[in-house]
Amino acid sequence: MSILRKLSTNKVALFGLIVLVFLVLVAIFGPYLYETSPWKMVNRPFLPPMENTDLMLGTDTMGRDVLAGLVYGARISLLVGLISTMIALLIGVPLGATAGYFGGWIDEALMRFTEIFQTVPSFALAIVIVAIFEPSVYSITIAIALVSWPPVARLVRGEFLALRNQEYVLAARLNGQTNRNIILREILPNTLSPIIVMASLMVATAILLESALSFLGLGDPEIMSWGYMIGAARTVIRQAWWLSFFPGVAIAITVLALNLVGEGLNEALNPKLSGKRES
Amino acid sequence: MSIQTLFYIAGRLIKGLLVLFVIAIFNFFLIRAAPGDPAKVMAGEAGAADEVFLQQLREQFGLDQPLYYQLWVYISNLVQFDMGQTYRQQMPVFDLIMDRLPATLLLTGTAFVLSLGLGVLVGVIAASNHRKWIDSAISVAALVFYATPLFWLALMAVLLFSVFLGWLPAFGMETVGANYTGWDRVVDIAEHLVLPAMTLGLFFTAVYARMTRTSMIETGRADFVKTAKAKGMSPARVTFRHTLRNALLPVVTLAGLQAGQMIGGAVLTETVFAWPGIGRLMFEALFQRDYNLLLGVFFISSAMVVLFNLVTDIIYCLVDPRIELTK
Amino acid sequence: MNPVLKVEDLSIRLPVGADRPYAVNKLSYSLYPGEILCVVGESGSGKSMTANAVMGLLPKAIQVDKGAIIFDGKDLISLEEKRARDLRGNRISMIFQEPMTALNPLMRVEDQIGEVFLIHSNLSKQQRKARTLELLKDVGLPDPEKAMRVYPHQLSGGQRQRVMIAMALALEPSILIADEPTTALDVTTQAQILHLIKELQRKHGTAVMFITHDFGVVAEIADRVVVMQYGDMVEIGSREQVLNQPQHPYTKKLIAAVPPLSAPDREIEDRAGQKPALSVKSLCKTYVSPGGWFKPARTVHAAQDVSFDLYRGETLGLVGESGSGKSTVSRCIVRLLDADSGEILLGGSAIQDLDHKALVPFRKQIQMVFQDPYASLNPRKTVGRIIADGPIAQGVPVAEAMDRARELLKLVELPETALERYPHEFSGGQRQRVGIARALAHNPQVLVADEAISALDVSVQAQILELIDTLKKKLNLAVLFVVHDLRVAAQVCDRVIVMQHGKIVEAGDTKAVFEDPQHTYTQNLIASIPGADWRSEHQPTAVGQPA
Amino acid sequence: AEPTDGGTLNVVVQPEPPSLMIGIYSNAPTQQVAGNIYEGLLRYDKNLEPQPLLAKSWESSEDGTTWTFHLKENVTWHDGKPFTSADVVFSVDKFLRETNSRLRQSLEYVDSITAPDDYTVVFQLKEPFGPFIGLFETGTMPMVPKHIYEGTDYKTNPANHHPIGTGPFKFDEWQKGSYIHAVRNDNYHQEGLPHLDEIYWHVIPDAASRSVAYETGKIDVLPGGSVENFDIPRLTGLENSCVTSEGWEYFSPHAWLWINNRNYPMSDKRFRQAIMYAMDREFAKNALWNGYGKIAKGPISSKTKFFDEDLPDYEYNPEKAKELLKEMGYDGTPVRLMPMPYGETWQRWAEAIRQNLSEVGIETDMVATDVAGWNQKLSDWDYDLSFSYLYQYGDPALGVSRSYISDNIAKGSPWNNVEGYANEKVDQLFDEAATAFPDSKRAELYKQVQQQLVEDVPVGWLLELEFPTIYNCKVHNLIDSAIGVNDAFGTAWIEQ
C-alpha cells in the first residue's frame, strides 16, 4: 500500500519498523526457540554478562537467565501494550465518534464523562486500580486502558466534529444513509490515520506504564516482563547493573521503535507534515 | 478583566466542583473495592491482633457503619470542605495534605518550569535548524528521553551524581537536622531539588521540545510569517516575534493539561528520591488503606488538574486575543 | 523610461518529484515606474513563484536555476541576504492573497505596521504611531484610531486587506507586488480594494506587479499584462492588446472562458398553471450562538421570509454576497438544516417537518452538488461506490446500482474505468463531474448546486457549466444555482434571486435584473463587478461565444 | 574506649510509624522510635535475662504466683511529674488491658495488680505463668503517664501527638514524611545517660535510597530489614561500616510457610512433608539472605529457651518429596502460593520455592497482594500456601503456641492458628507447659510438642531469620539488649 511505500522512503521510520518487526517476531517465536524458562535457576546468582557463553547476558539475583527473561518478557510487554491500546480504542473511538457526530447534549454528556477520567491523575488512578484488583496481567492491562482512552475519545471527537460537516458526509446524508453507516463507512475511515498514529504512540506509552507499575511492585508475579525485571533488579542496581540495564534498554528500544514508526506514519498520513510543499 | 470573564471563571469552577464531586463518589467506591481495610493493615503491622482490637479500630474509624452511611458522612463532610481524619496519623487529612503539598508543588513546579523553558528553547533551536544535523541530534535526544523509563533514569542519575560524583544529595528535600535558615535553606533545598526535578523534567522537556519543534515548523509555513519576512525582518526576529508566539499556543494547552497530571505522575520520582510530597503520601495511603487520606489526595490532585486547566484557559485567553472566555 | 525591475531569463527549478521540472522557465520582462503590470494565468502557472523570487522568499527546497532580477542596478538573486533584507518591505513590498491569515493573529494592527518602521527607519515610538495612523487613514479604514488598537480577527476581510496595503506602502516602496489580493473578497469589497490600490499607486508613482487569475480584474486595473502557462510566459502586451487581440491560443482560451457580463436572451416560458417542482414559502432560519453568563446571545438572521418557486427545466440563480444566507437557504431546502419556520414543498409534499426516516423516500427527488471538489468526495471510497452508495442505501441491489453508476459516468463524460479509481486520481473538474453523477444517481427532479464551480479554474468552470446546462435540458431538471459570481449567474440562470442579510431583495428574469436592477443593493453589486465594461454584450467579441 | 557525650544519631525508620503512642500502637516502627521515649519496668540482655530499668529489683514467691517489683525513686516523666506505682497500676491494669491485645492475653493469668506504696507494685497471678517475667519489655508493657491519660479516651488523647514518657530521649518534632526528632532527656534517671544529644529517625520509603543514604553518610544506622538483603554485603564492605545480627534475641523472627491444613492436598500430612523435602532452604538462605540466619528445624527458635536439639532434619531431598507425593496419590492439583508483600526478598523467595515445588511436580499459582490484601486473605483463610514470619517473644508460651493450638483457630487475624491445625495432644501439652513450674518441667513438655509438630508439619518452617543491623563504626554500644534497635539508645555513644 502507499502508506507502506511512503514509510519505506523514510529511513528513520523504516529502521523503527524493522526493529519493531524483529521484536514482534521475538515475542511470537522467541519462547519456542529459546526454551530455558526465565524462572529456572540455571547458574549461580549474579553471573555477569559475557562470562558464560550459554548465558550471554548473565544471571539475576537467583541465578536465572537474563536473556530468557528478555525473550519471554517481550511477549508480555508487547501484549500488554497492544491489548490495552486496543481496549482504549474500543472505549475511546465509539465514545468520541458518538459525541462528535451527534453533538448537542450527547456530546456534552459524553465529554463530561471523559473529563472525569481526565481529571483524575492518570498514573495515580492506574496504581489504585491495579492495587485494588490485585496485580495480574488483566488488571494491569485494564488499568492502562482505562487511563489511556480519554485522549482517544477527544481526538476522535475532534475529527468527527471537523468531518461531520464535510461535504461528502453531507452528501451521504442527502443520500439517505443511516447514521450508523455514515459514522462507520464515511467518517471513521477518514479518521483512521490520526487514530493509527495515536495508537502506535499509545502502545509505547502503555509499555512504559506497565514497566512503571512493575517497578512499583505492581506487576503480575506469574509472568516475566521487562518492567518486572527492572523492578526486581532495582534493589541490586549497584551490584548488578546488567539486571536493570538490559530490560531498560529493551523497553527504551521498543518505545523508541514505536515512536519512530508512529512519527513515520504521521508524516506519511498527514499531508500537512509531509514537508513536500513547504515555504 | 471583564465581568464576563469573572462569570466564566466562576462557571468553570462550579463545573469543576461538580466533576470533583463525581470523582469523589467514584473513588469512594473504587477504594472500598479493595480487599482489606485500614484496621487489618494496622493489626498486621502490630504483629498480633485479635478481633477486639480490630473492632475497636473499626469503631474508631467509623468503618463499622454501613457503606451508604459512610458515603453520606464522607460527602456531607466534604461539602463542608472537611476531608476527615487519617486513620494512621490521626490528624485531619486536609492538614496532612497541606503539609505535603508544598513539596510536591515545588518539585513539579520546578520540573514544569524547567522542562517548559528548556523544551521550548531546544525545540526552537531544532526548528530553526530544520533538517540540519543539530535538528536531528535534538530530535534523537528528545526521542531517547521520551522513550526511557523515568524511574530508570532516576536510578541512573542517583548512581552518577550522588554516589560516584557525590555532587548532589540523593534523597529528601533538605538536610535534616542542619536547621538552615534564610538563604542557606534555599540553597540547601535547591540542591536537593536538582536530581528529582531533573529526572521528572527530562521526560517533559522531551515532550515539549518535540511539540515546540513541530509547532514551530508548522507555524513557520503560515502566511503571516511570510508577511513578516516580506517586511525585511531578520530571521531571528521573525522567529521570536512572530513564529514562536503563535507556535507556543498548542504547547501552552498541552503544558496546562500536563501540569495537573504531573502531580499524580510524581509518585515515581517522589518514591525514588524520598521526596515528601503527596504522590508518595497517596502511594502509602493506598497500601495502608487509609481511605480518607487516599480520597483526600485524589480529591486535591484532581482539584489541581481542574485548577490548572482553568489557569491554562485564562493564560491562553491572555495570549491569544481571538479566544474569548465565554461558553 | 528605465524599468524599476528587470526579470531576465529567470528559471526556477522545482524539486525532484514535482509535476514539472521548472516552476518558471526563462522568464523575461520589465516593470516600469508607475505602471500596473498584471500577471495572469491559471493555478500553478508560476505566478506566485515569480513574485517570491523577486521578494527573495522562495522556499528552501526551490532554487533559482539561472537568470537575474535586476533592481536598482543590483541582481536580487545574488544579493547577499542582509542587503536583500534592507530592500524587503522598504523598497519592494508585497500583499498576499489571504487577508485572513496574512496578519499575525496575536499582534495589534498598530504593532504590525509599526514593525516596518522599526526595521527600516529610526523613527521614535511617537513618530511611528503617528505614521501608522496616517497610513490607516490613507487606506480608508473607518475610525483609524480605534483600528490601531485592534487585533486582526476583529476586522473584516476587506479591512484586513487594507491593513496589509497600509503596511506594504508604509515606506513608499518603488515596487508593490500584490499576489491575488482580492481573490478572497466579495465583489463589492474587491472593487473598493482595487480602487484603493490604483489610487495609492497613482499618488505615489509606485510600480505594481499585480497577480491575478481574474480577467475582469485585469480589465479593471492593468496597464500591461503578462500571461503565464506552465511556467512559461506566453504573452505580454498592453491591456487592450492582450484582452482584445490575444495572440497566443492559451490566452485566447482563457479569455473565451470568461463569461460576458450580460444575460443572453432566453425564451421566457410561461409557467402559469404548471406545478412547481419545489416551492419554498416564508422560510426563516436564525442562528443563535449561545451567549455566556449575561452575555447576549449573538443572533444571525440567515434566512428571513424567503419564498420562491422552482419549476422543472429551469435554472434559478441565488446570488448575493458572502454571508447573505445563500447556503443557509439551500441547505434548509435539502433538509441538511432544519428551518425555524416556513414550508418546503417538494413535488407538492411538505418535507420541512419529516424526520430522518420519513425523509428517506424524498431524498431521491432532491439532490445537491457541492462546492469543494476535494472535500465533497470521500477519499477512501472508489468513485463507483461514491455514486452507487446512495441508491444502495435506498435499497437498490448493488449490481444494479453499479450498472447505473457506469451509465452516469458516461453521462457526465467520464471514462468507465473511473469506477474503480479513487477521487485523488482525478482533477478538480473531473471530481466535480463525479459529484454531479452522484447527485443524479437517484434521478432527482431538483438539483441544488451551491457554488458548484467557484473552486475551479475558469476554463474548467465553463465545461462544468455546460455540463449542468446539458443535463438540465436532457433530464428536465429544476436547478437551484447558488453562485456569487454574477458573470456566471448572468450566463446560466433563467431567473435570479438576489439575497442580502437573509432577505430576498430582488427577484426576476435574469436579463431584466441585470439590465435594470431595481434595488440599490443589486445595483451596487453589478456596478462592483470588475472589468464591467469589457466584454459586455455591446462590445464585439473577438473570440467567439462561450456556451 | 571511654564513652563520650554529645553528637547526633541518624537512624532509618521503615515504614513511617502510624503513631508514637506505643501503648496503643505496638508495631515495630513505633517501638523503634518510641522505645527511646517510653520505658517498661525491665529490659532483657542478649541472653534474655531480665535487667532493671524502671524497676530496680523484683522477687517472686516460691510457687511463682506473687511478683513484687520495687520501682526506682528518682524517675520523672518528661513533663516533670514523678513516676510512681500508681502509673504502673494504671498502665497495666487500665490502659494496656484495653489497648494492647497481645498483653491482654497474658494478663488473663494475672489476678490483681496492687500498689502497697508509691514505689512498690505487686502482681498476683492466678497460677504460675512461665513467661511472666518476660513480659516487662517496653514494647510489651510500656508505662504511660496516668496523669495525662486517666479518664480520657486513650485513642484520641491529644498527648498521643506529643508523647510523654520516662525514657532517655524526649520527643521534639515529627515532620510527617521526613523525620522524627528526639532530644536528650537531661533529667534521665540513669546517671550519666544518655550520651547522645539528639536522634533523627529518617523516613526514606525506597530501599535503594536508604542504602544510598547510608553510603553517603547521611545515615548512621540501618536497622535490620531496612535495606534489601542483596545490598548488605556491599554496605558492610564499606569503610567504617559495622554489622551485627544481635538485638533480635527477644523477637527471634521465625519464617515459615503457612499451609492451609483444611484443603486438599495440604490436608494430607505426606503432602506437607513433601513440601519440606522439596524446598532448597540452604539455597534460599545463601542467595536471598546472604547466608544470614539458620535453617529452622521446628516451631521453636534455637535462640530461645526450650529449643530441642534432637529434632529430625528435613533436608533438601526432591526425590523423597516425589516419593511421598506418589505415595499419597497426589493428582497434580495446583496450589496457590502467596508471597509476603514485605519487599523484594520475599518475592524472590516465593519465586524460588515455586520453582522448587514445580520440580517435584507441584504446580503453583502465584497470588499477588499488597499488605492489606495479604492480611485479609490470611485472616479469612483464603490461601493455600503463604509466607509469613512471626516473633517468638522469648518464650514459646508467648510466641509459639499461638500458631498451633486449636483454641486459636478464629477468622479475623493473620497471627493466630491460621493453618487450621488441631491436635488435642498438642493443645494439652502447650497448655500444661505454659503454667508448669519450674522451667525443667516446661522443657520436657515443649520437647514433646516439638517432636509431634515436626512430624505433622502443620506449617513449613523455613528460616530463623537474622536481620543484620548495619551501622557506622563510630557508633558504639548501639545494641545492648535483646530487642536491639527497638530499645532505647540510652547507652549508645558516638566517637567524636
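We call the chains A, B, C and D, going by the order they appear; numbering starts again at 1 in every chain.
Following the convention adopted for this analysis, a residue touches a chain if its C-beta (ideal position, glycine included) is under 8 Å from a C-beta of that chain, and two chains touch if they have at least 3 such contacts.
What you see is a predicted model, and the numbers here were worked out from it, not measured in a lab.
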Contact-richer chain pair [B-C vs A-D]: B-C
Most distant chain from chain C by Cα centroid: D
Rounded Å distance, chain C centre to chain D centre (Cα mean): 87
Distance between the centres, which are taken as Cα means, of chain C and chain B, whole angstrom: 50
Distance between the centres, which are taken as Cα means, of chain C and chain A, whole angstrom: 46
Multi-partner residues of chain D (each touching 2 or more other chains): 208, 369-370, 373
Set of chain B residues in contact with two or more other chains: 34-35, 155, 163, 226, 271, 283, 286-287
Multi-chain contact residues (two or more partners), chain A: 131, 134, 234, 237-238, 278-279
Pairs of chains found to touch, sorted by chain label: A-B, A-C, A-D, B-C, B-D
Chain B contact footprint on chain D (complex, rising order): 8, 10, 15-16, 18-19, 25-29, 99, 101-102, 104-105, 155-156, 160-161, 175-179, 181, 198, 200, 202-206, 208-209, 212-213, 215-216, 218, 369-377, 379, 390-391, 402, 410, 412-416
Chain D contact footprint on chain A (complex, rising order): 39-41, 45, 61-63, 131, 134-136, 217, 219-222, 232, 234-239
Residue ranges of chain B in contact with chain C within the complex: 3-4, 7-8, 10-11, 222-224, 226-234, 237, 241-242, 245-246, 319-322, 325-327
Contacting residues of chain B [partner chain D, same complex]: 34-38, 40-54, 56, 60, 87-91, 96, 99-100, 103, 155, 158, 162-163, 166, 169-173, 176-177, 271-274, 276-277, 280-281, 283-284, 286-289
Complex interface listing, chain A residues touching chain B: 112, 115-116, 118-125, 127-129, 131-134, 204, 208, 211-212, 215-216, 230, 234, 237-238, 244, 248, 251-253, 255-256, 259-260, 272-273, 278-279
